[in-house]
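Letters A, B, C and D name the chains as they come in the text, with residue numbers starting at 1 for each one.
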Amino acid sequence: MNKIKVGIIGAGRIGKIHVDNLRRLPQVEIVAVCDRFTGPELEAWCAERGILIVTKESEAIMANPDIDAVFICSSTDTHVPLIKQAALAGKHVFCEKPVSMDIRQTEEAVEAASQAGIKLQVGFNRRFDHNFKRLHEHVKVGTVGAPHIIKITSRDPNPPHPDYIQVSGGIFIDMMIHDFDMARYVSGSEIEEVYAHGSVLIDPVFSQYEDLDTAIVTLKFENGALGVIDNSRQAVYGYDQRVEVFGSKGNAAVTNDYPNTAEISTAEGVYRDKPLHFFLERYNEAYKEETEIFIDCIRNDKPVPVSGMDGLQAERAALTAKLSSQLKRPVKLSEALQLAEQHSLLT
Amino acid sequence: MNKIKVGIIGAGRIGKIHVDNLRRLPQVEIVAVCDRFTGPELEAWCAERGILIVTKESEAIMANPDIDAVFICSSTDTHVPLIKQAALAGKHVFCEKPVSMDIRQTEEAVEAASQAGIKLQVGFNRRFDHNFKRLHEHVKVGTVGAPHIIKITSRDPNPPHPDYIQVSGGIFIDMMIHDFDMARYVSGSEIEEVYAHGSVLIDPVFSQYEDLDTAIVTLKFENGALGVIDNSRQAVYGYDQRVEVFGSKGNAAVTNDYPNTAEISTAEGVYRDKPLHFFLERYNEAYKEETEIFIDCIRNDKPVPVSGMDGLQAERAALTAKLSSQLKRPVKLSEALQLAEQHSLLT
Amino acid sequence: MNKIKVGIIGAGRIGKIHVDNLRRLPQVEIVAVCDRFTGPELEAWCAERGILIVTKESEAIMANPDIDAVFICSSTDTHVPLIKQAALAGKHVFCEKPVSMDIRQTEEAVEAASQAGIKLQVGFNRRFDHNFKRLHEHVKVGTVGAPHIIKITSRDPNPPHPDYIQVSGGIFIDMMIHDFDMARYVSGSEIEEVYAHGSVLIDPVFSQYEDLDTAIVTLKFENGALGVIDNSRQAVYGYDQRVEVFGSKGNAAVTNDYPNTAEISTAEGVYRDKPLHFFLERYNEAYKEETEIFIDCIRNDKPVPVSGMDGLQAERAALTAKLSSQLKRPVKLSEALQLAEQHSLLT
Amino acid sequence: MNKIKVGIIGAGRIGKIHVDNLRRLPQVEIVAVCDRFTGPELEAWCAERGILIVTKESEAIMANPDIDAVFICSSTDTHVPLIKQAALAGKHVFCEKPVSMDIRQTEEAVEAASQAGIKLQVGFNRRFDHNFKRLHEHVKVGTVGAPHIIKITSRDPNPPHPDYIQVSGGIFIDMMIHDFDMARYVSGSEIEEVYAHGSVLIDPVFSQYEDLDTAIVTLKFENGALGVIDNSRQAVYGYDQRVEVFGSKGNAAVTNDYPNTAEISTAEGVYRDKPLHFFLERYNEAYKEETEIFIDCIRNDKPVPVSGMDGLQAERAALTAKLSSQLKRPVKLSEALQLAEQHSLLT
């Protein structure tokens, strides 16, 4: 079987992680890297890794007949046009989340990929985390019976830079979108309705951009289960990523990973180190696995584990949460698009 | 200092627990026990414990000049009249929760106790649990900084008998009332608004009585913190009682107690026994402590740790949750009474 | 069934604990307390508990025909004579550990009790600890298969007072004796050989009395299992009491109890409170249970759970360890008495 | 700085792991692989990784002027001759443990490396484990004060194949050698004396080769600390690798790693998955780190973290334990060589 030839679009932090994770795979060859900001540094970095083509133009990637698949790691506003181009060019796509800030555009991208018959995987890396995968398996095989209550805690160690807050789309779309995907993943059901309430408790800068830094969202699922997600932009003890599924036959809970198991007992108390600091540490192996599986899906023509439709549904839930927070009432996902248009939330 | 002389009204399960816990205290003498269902069995039980007066008439307790304090452990509908009688008789009162099903009546009872200058302690036993007390201390001394998110999980091992469901007042008043009190206790703030959503996932009998068996309630506190309580009437692994307070300086979490620390590792996995089964096991020591402190408050004329006002505020939150669940929207505690009257929820 | 009437000999700390634990039992009446140091304080303490006879003379207990059972909580040198007297008087005996410092004397006491047909229970309270009981059950029902390795860690929070060190009999007899009993209890086998090595690492005062403050003892059991006990006179983080049984089918481990489950995560790390401080806290419930079971054995004529023979075997292991430590070689329990006589260790 | 060019001698399981771990490092180039059993399969495996030279002859590696360093991963009997050759050829050496079965030969190899001024790192991979490193740091910075008791548990999931048992050198040299190194590493002190006792409890095949499958060894360290190591050839629940250092200021304990944090609570109990299965899973990252640090030591001319002397000292302790087990008495490391010669243990 031939190697899968890959082009990377966007060589920021996450693009580089994908390059290094793909390099480990003998079945992959990274042909080209594209970034708005090329230069000697990026060129050296690529040369060191044996990547010969470094370009500013995504068209150079799309037009390259050698390339089987592209990784879209550029800014969110470029995702949909790039997916459409890749679809036209018949290249498989791995796209970072969110696909877009506008679910109508995301729908178009999903549709384009579907029409073209290319694979489109969305970068919900947490599905590949050893803890959440195990939780998902337990729910799937029925260990906890019918799910009744889903609880998701997701807190970042530090708030993002104000410049990023401004363009992030807000806590629901930028941060909680991962949790909406997780809720769907572990519950095995679609979200039907959300009620979001949030606050600015960490830094007034969030108010400045009409954003929130602390939020609790309750969920109703189509299968009858209830859920709750809590988000904070600043957990001083580090990245807090926990999920529980409570059901008719029991409870399955996963908690954080720690850098070591050392437990220190002294005259003052019992101590251990803080959890793994942030997503790069916590999801290090998950990032490897999501790309490895994507490559395997291409090589063996299997359906991708996180589809464009999964990306779309998480965005829909995020939009609904944003609406709920503004309207101060529970909102159904089925009414989100219409309400968003009424309230000009999509413009 | 003389012994405190106590009369017990209601010799059911919880009344008997109070008797045995009070018996351990050398500073207490149990003078009389009153119950609707007296008979040879109760008389023998009392005689074995050196309690000489066993009566059907609460008036016999109230009229007894020897008695300093009464424990009201009879059915909920009798609480308010008994508190009023005790207030008139100048006897201190320890009253089981809830004070009543009607916050207007509870207000009257609280007022009567206040006018008479008697102590009125409400039986929110969980405040005396070693775990929750420690959590409360940590929040109070500022270990976690300003509270941002309060999370309370409270699940019973088994649903109550259908006969009880019918008269229980529903999940919010019968079960979650403890959690509303806990929320106030650990947050150090009043609840301002709640949004309740619930479902019947365990047994259709709950629907029959217009009740729920699974519920998630989100809270806004006056100090800006957010909160969430989840309740289930049936956790097959036993009593699940966990609380977390997340704040600007960290997170404090308490979890369940287990009957032992034995950890078994075999070819199949790693095992331990289930948590302590139910409230009698889990709150065994807390029951002792709440009565010991009540007696101490009388002997040393100190304010009780759980006042009638605490009882009232928890009931108000429970009523608001019930309203929210029916109206399917967030409701402020300040509008609960009026809304309840509009919707005939108090009749 | 009539109440069991009890006399207490020795009203020090442990004697008083037994009084308060026995008082909870309706089936027990404490008739008399005997102590070398009676006076107004002890009399008041007894009066408060309704104990009418307070005496300096143990003969007054032994001669009292009302008394069914005696608790021997006086100093170790009085145990054997008192057991013999109780045997003559036909009174059941609960005796604190060790029965004596001389296994020949202990043998005599065990023999006297056996001849008289009285029950003799030795105060190895740890067998009644919730953790060790559960571990014992697991081994007994075969959860871990055939035991291969027994590991016991037992460390005190503080060294005893030098005055006590002098008369304690040394670390093996005073402290590790509990662990030898535990080793027999959880392994279900007799100890065959020990190798003890120890050191003075905490306080030179131990050297002054030819004692050790830190020791590791390896064990061979008759059933082929191996074992190891480690002791320290000073664990600054509190009482450290852990046991593991590793066998052909798995491992069973029990660890310490903590005062609460609160886990605090801050910018510095993750914390919890230290384990329960010392034996009074850790074995609080075990003390209750050992007396309750002793009373039950008398009332229902059942064999006691910790016999005089159990006391003897633990003493024999302790003596053997002391010998091994001095001879710097492994020693068999079967050769201990003869060796001890050769080396004048019993005089 | 130029790349470090590496030759691999021995392309079995561990040799291949080193290849894949070295491949990740841009500062390394793997020039050649040598193995007794070359063939199309190994050639393809090497080609896939861009390794051009595949040879049966270690001389081809030693004679290759391009090669800076060799990894000796061949059978134990070849280690010493190969180290000597590498020393002559001026190539740095990473050698798998044990250096040899005969401490006199190991001394010669260490001496040869020292004379030649090459770096010699021994493959005690566990020193690079995240848990043991953290424990070591805690001891080093004084978190637990002066070490008093070192406890090491090390159990394999399955016994090795009988063919391997025969040539393994026995449990002390084949298995416990890692723990002797760990004891030195975490205690920061040399081992002075050991007492070993062991048994055959798992499989009689061990007796056949005069080996043991279960062993407990107690240690005295030069700094006065005591220690104990327990080994089993078969822990059915998986790889059990735990270490504790107890000292004057507290206790530091590290335990196993688990594949995930999922905790399942059901009507039967509370479960989690078994620990990571064996050394490949548990020490996956440690293997990466030991090679990365070795390369760094070469590039920056730093002393290696695990020297030939460390290899020698662990072998000496293992030999002493073997002697102690046979002589059934404690043996000092300083008398081991002479005793071994007397008892023909080195032939």
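The rule is simple: a contact is a pair of C-beta atoms (placed from the backbone, for glycine too) under 8 Å apart; a residue touches a chain by one contact, two chains touch by 3 or more.
The structure presented is a predicted model; accordingly, all values stated were derived computationally and were not measured.
The set of chains in contact with chain A as well as chain D comprises B, C. Looking at A-C and A-B, the interface holding more C-beta pairs in contact is that of A-B. In whole angstrom, the spacing between the mean C-alpha positions of chain B and chain C is 41.
Averaging Cα coordinates per chain places chain A and chain C 59 Å apart. Averaged Cα coordinates give chain A a centre that lies 42 Å from the centre of chain B. Chain A has residues 235-237, 240, 249-251, 265-267, 273 in contact with two or more other chains.
Within the complex formed with chain B, the chain C residues making contact are 24, 26, 48-49, 130-131, 133-135, 138, 143-144, 249-257, 259-267, 273. Partner chain A is touched in their complex by these residues of chain C: 235-238, 240, 258, 265-275.
Residues of chain A touching chain B in their complex: 146, 148-149, 151, 153, 155, 195, 197-199, 201-202, 214-216, 218, 220, 224-228, 230, 232, 234-237, 240, 246, 248-251, 328-330.
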